[in-house]
Amino acid sequence: MDFLSNFLIRFLTQLQSPTLGFLIGGMIVASLGSRLSIPDPVYKFIVFMLLIKVGLTGGQAIRDSNPAEILLPALFAVVIGILIVFIGRYTLCMLPNVKIEDGIATAGLFGAVSGSTLAAALTLLETQGIPYEPWAAALYPFMDIPALVTAIVLSSIYTSKRRGTADEYLSKQEYSSKQGITARGYPNKKHERVKIWPIVKESLQGSALSALLLGLALGLLTQPESVYKSFYDPLFRGLLSVLMLIMGMEAAARLKELRQVAQWYAVYAFVAPLLHGFIAFGFGMIAHYTTGFTLGGVVILAVIAASSSDISGPPTLRAGIPSANPSAYIGASTAVGTPVALALGIPLYIGLAQALMGG
Amino acid sequence: MDFLSNFLIRFLTQLQSPTLGFLIGGMIVASLGSRLSIPDPVYKFIVFMLLIKVGLTGGQAIRDSNPAEILLPALFAVVIGILIVFIGRYTLCMLPNVKIEDGIATAGLFGAVSGSTLAAALTLLETQGIPYEPWAAALYPFMDIPALVTAIVLSSIYTSKRRGTADEYLSKQEYSSKQGITARGYPNKKHERVKIWPIVKESLQGSALSALLLGLALGLLTQPESVYKSFYDPLFRGLLSVLMLIMGMEAAARLKELRQVAQWYAVYAFVAPLLHGFIAFGFGMIAHYTTGFTLGGVVILAVIAASSSDISGPPTLRAGIPSANPSAYIGASTAVGTPVALALGIPLYIGLAQALMGG
Amino acid sequence: MDFLSNFLIRFLTQLQSPTLGFLIGGMIVASLGSRLSIPDPVYKFIVFMLLIKVGLTGGQAIRDSNPAEILLPALFAVVIGILIVFIGRYTLCMLPNVKIEDGIATAGLFGAVSGSTLAAALTLLETQGIPYEPWAAALYPFMDIPALVTAIVLSSIYTSKRRGTADEYLSKQEYSSKQGITARGYPNKKHERVKIWPIVKESLQGSALSALLLGLALGLLTQPESVYKSFYDPLFRGLLSVLMLIMGMEAAARLKELRQVAQWYAVYAFVAPLLHGFIAFGFGMIAHYTTGFTLGGVVILAVIAASSSDISGPPTLRAGIPSANPSAYIGASTAVGTPVALALGIPLYIGLAQALMGG
């Protein structure tokens, strides 16, 4: 019981951290009907600033690191990304009132990664003084892209099997064009093999992954130390607190949307982040004992798995699974999945790592 | 005469402070027809940053303070907020060419509080090394809300007494819907008692008060020190200078609007801030001698009274007094009231406090 | 050959500087089709922040400097601004498939100055430890305005000589009104002398020059040290890196536009910045030997000449030469001229100055 009471004390302390405090503050403020809002261009710029900073840190770290070290964690990230989507395919999709395509898209989004959640975890690890490999943030695309690819492939296989009629095909096209999205050679046509590369490319071209990879490249190839120390690093925590506020407000606003789809989405969105995190924590421990992956790195792997994409994932899924209902997957991720990952998942995995470090 | 010459020297020095320098610079630049502008989303974010910082400071201060201390100044703030509206009701509204509803709304706006003016005063107090209670900024809502409530109640009483005809009622409704504002159970229907709570709620839900109260709550209940010291506090003065520039440009732009309404608005907007500030300074001195309220705190109370709302007030008034002409009250506040409070009021009250401290 | 190899080493080092690294990163990211973008309001605010900082630095410097010092460099700046437009008039405009008005407008834009390029040069000079007169940035308007005025006057003379028919005149008016631009007393009417003052005023009222001059005035007349040190100065390099990223992405995007006009624009846009910079470097060396103008100042003069306007110039040219095709001049400047000035020009002139300092 000592572990539990220690954990609860740590948990309550972490809720007072600015990161989680602003998240919860945002949820309360929005649910009280406040007209407070952070303008969208500022929100987008904050996300850019955080991801390019995470990338710069990683890029500079990779310069001095052994590339072999990253292999096993990266492989595990790929495996977890694919696994999460299969879990969703054979749990969420089997539940009553859940449309198969909606379920697969939701699972894809929960397999994909949230840069904001990752940034929050990095900050909390630093506050708690838990060391981690600075390149650990670079695991992001290794889980994100396989999850999205798997979701789109599974959805395409399902659609092919169902032997859609011409009418259905047409209505789907219509839906897609109403959303102003072109499918760009995506797996809409029957009896055609799903092309992987366009999905990967679409993911990489998304604003979140682009910013992260640009940061990685600049950190690796240029000398960004002067701007990193004077600008990107000092602003990181403050901008993160603003982002948490926005995410809290967004979560409260999306809750209404979520109420309009099957309640099973809310159940999945609550359970899945924690479960995915524990699975990844287990994989991470294997790397910990075999290759010396730090416990901080294990936490990051768990958080990446627990997080669900809020920026880069949705557009890729809209284009890749045009028949899925965005309200279902975006609502589940933003209103429940992300707050659960942030306010329960991160403190949980950090607490677990601290308990293991103490032992 | 020593006081006056000292005061003039101080006054000229304060005009060179970045805060007032940027305000005057903005007025000059805009009146020369420059196309320089700070984008609106940036403006909104700056206001958020300033108010949440003021709130965080206050919240952290309240943690360590005696809650009894705040009682008398808070009570005085309420009294002054109500008094200002009554003064406007029996001066401005009596003048020729001033529509009663417009006059009441203007008085309400001048009773309400401007977060930007408050932020400017806090900065100047710090520059001058004058100590003040850090929770003094928390007096904001104690004056803001009573002033807006009083204005809406007085306007409603006036409307009821006038025994409006059905036609008038309809035209009013029309005006309100043209503005895209729903009256939300506001006192439009005749012979019905004015409901106070919706007005209070509307005020509290405004973006300015929400940000301030959120900051207060986060400062009180969480541990925001790390982001406060690395982000909100260091950016405060710089962002304030940008905000002052915007307010100066806005004042010059609104001057044209003000010219289209009765000139008495300009006279009121010039005299009222200074008068309200002196009244509040007097009340503050009572608290100074009875409960040891600092002279810096007295200045803050005076500035809160001198300031007129630029962000949170107008939407509440539009909904609460839909028959009043926004050009009249917003023009009077933005074009004349706020610059007078900033460039004359603040230096005046600080000079007065310094003279009293020297004595 | 020693100079060349030293120069190449320096050149490669400078490409790794954050300034140029972000520029090239932006070009690569955008040409790979990324959806990464920095919202426009943030872009505008960054430009404002950089120019007001450059102005504040200059203004504070002028306070302590000898006004006579600035005379010769300022005179040279005027001469170079006019000369650049004449060079363009008698080279670019003579080439096949180049419309005379388009060529003159392009030359005007290349004579005008880019605040971002100037900011990048100042940062690199500081990184390399090369001293320069802090007021050197104030040379900006002395080249910018004469170049734009000369271009509009030359275009007007050309139009008058061509003896346009009434039909032509009408079609021109139509084009102008389609662009939502009123000519504001500009030289559209035949047989009328070109009025210089409206062009100068239009330039001065542009957002870029307004911000720079406002900063100069505030630096000269107020005491902005506190906000300068805590806000404008520390954020300068970081914001510049973001701006370089935007400019890189913008350059890649504009390249497509440029392909639709005569290829001679691309040739001109590549050669002109380097040539203009060398001419200005020569003039600067005269000032160096006669009045002791620093080599850092010579570099700044060269960079101002090499740069082409990206913010303030285009609207003035649209109003002043409504018959010119904006795709031609904006494309040439943004897609080729600015990257060449930044990535080749600045390292070249700094290398040259360093070689001369070593000699």
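Couple of notes before you dig in:
In this document, chain identifiers A, B and C correspond to the written order of the chains, with residue numbering beginning at 1 in each.
The rule is simple: contacts are C-beta pairs under 8 Å (C-beta built on N, C-alpha and C of every residue); 3 or more make two chains touch, one makes a residue touch a chain.
Keep in mind the model is a prediction, meaning the values are calculated, not measured.
With rounding to the nearest 5, the Cα superposition of chain A on chain B corresponds to a rotation angle of 120 degrees. Mostly differing positions are employed by chain A and chain C in their mutual contact, as under half of the interface residue numbers are shared between these two copies. One simple way to say how far apart two chains are is to compare their mean CA positions; for chain A and chain C this gives 42 Å.
Residues of chain C in contact with at least two other chains: 39-42, 235. Of all the residues in chain C, the ones that touch chain B in their complex are 39-42, 44-45, 48, 201, 204-207, 210-211, 214, 217-218, 221-224, 226-227, 230-232, 235, 315.
Taken together, the chain A residues at the contact with chain B in this complex read 15-18, 21-22, 25, 29, 32-42, 127, 234-235, 237-239, 241, 245.
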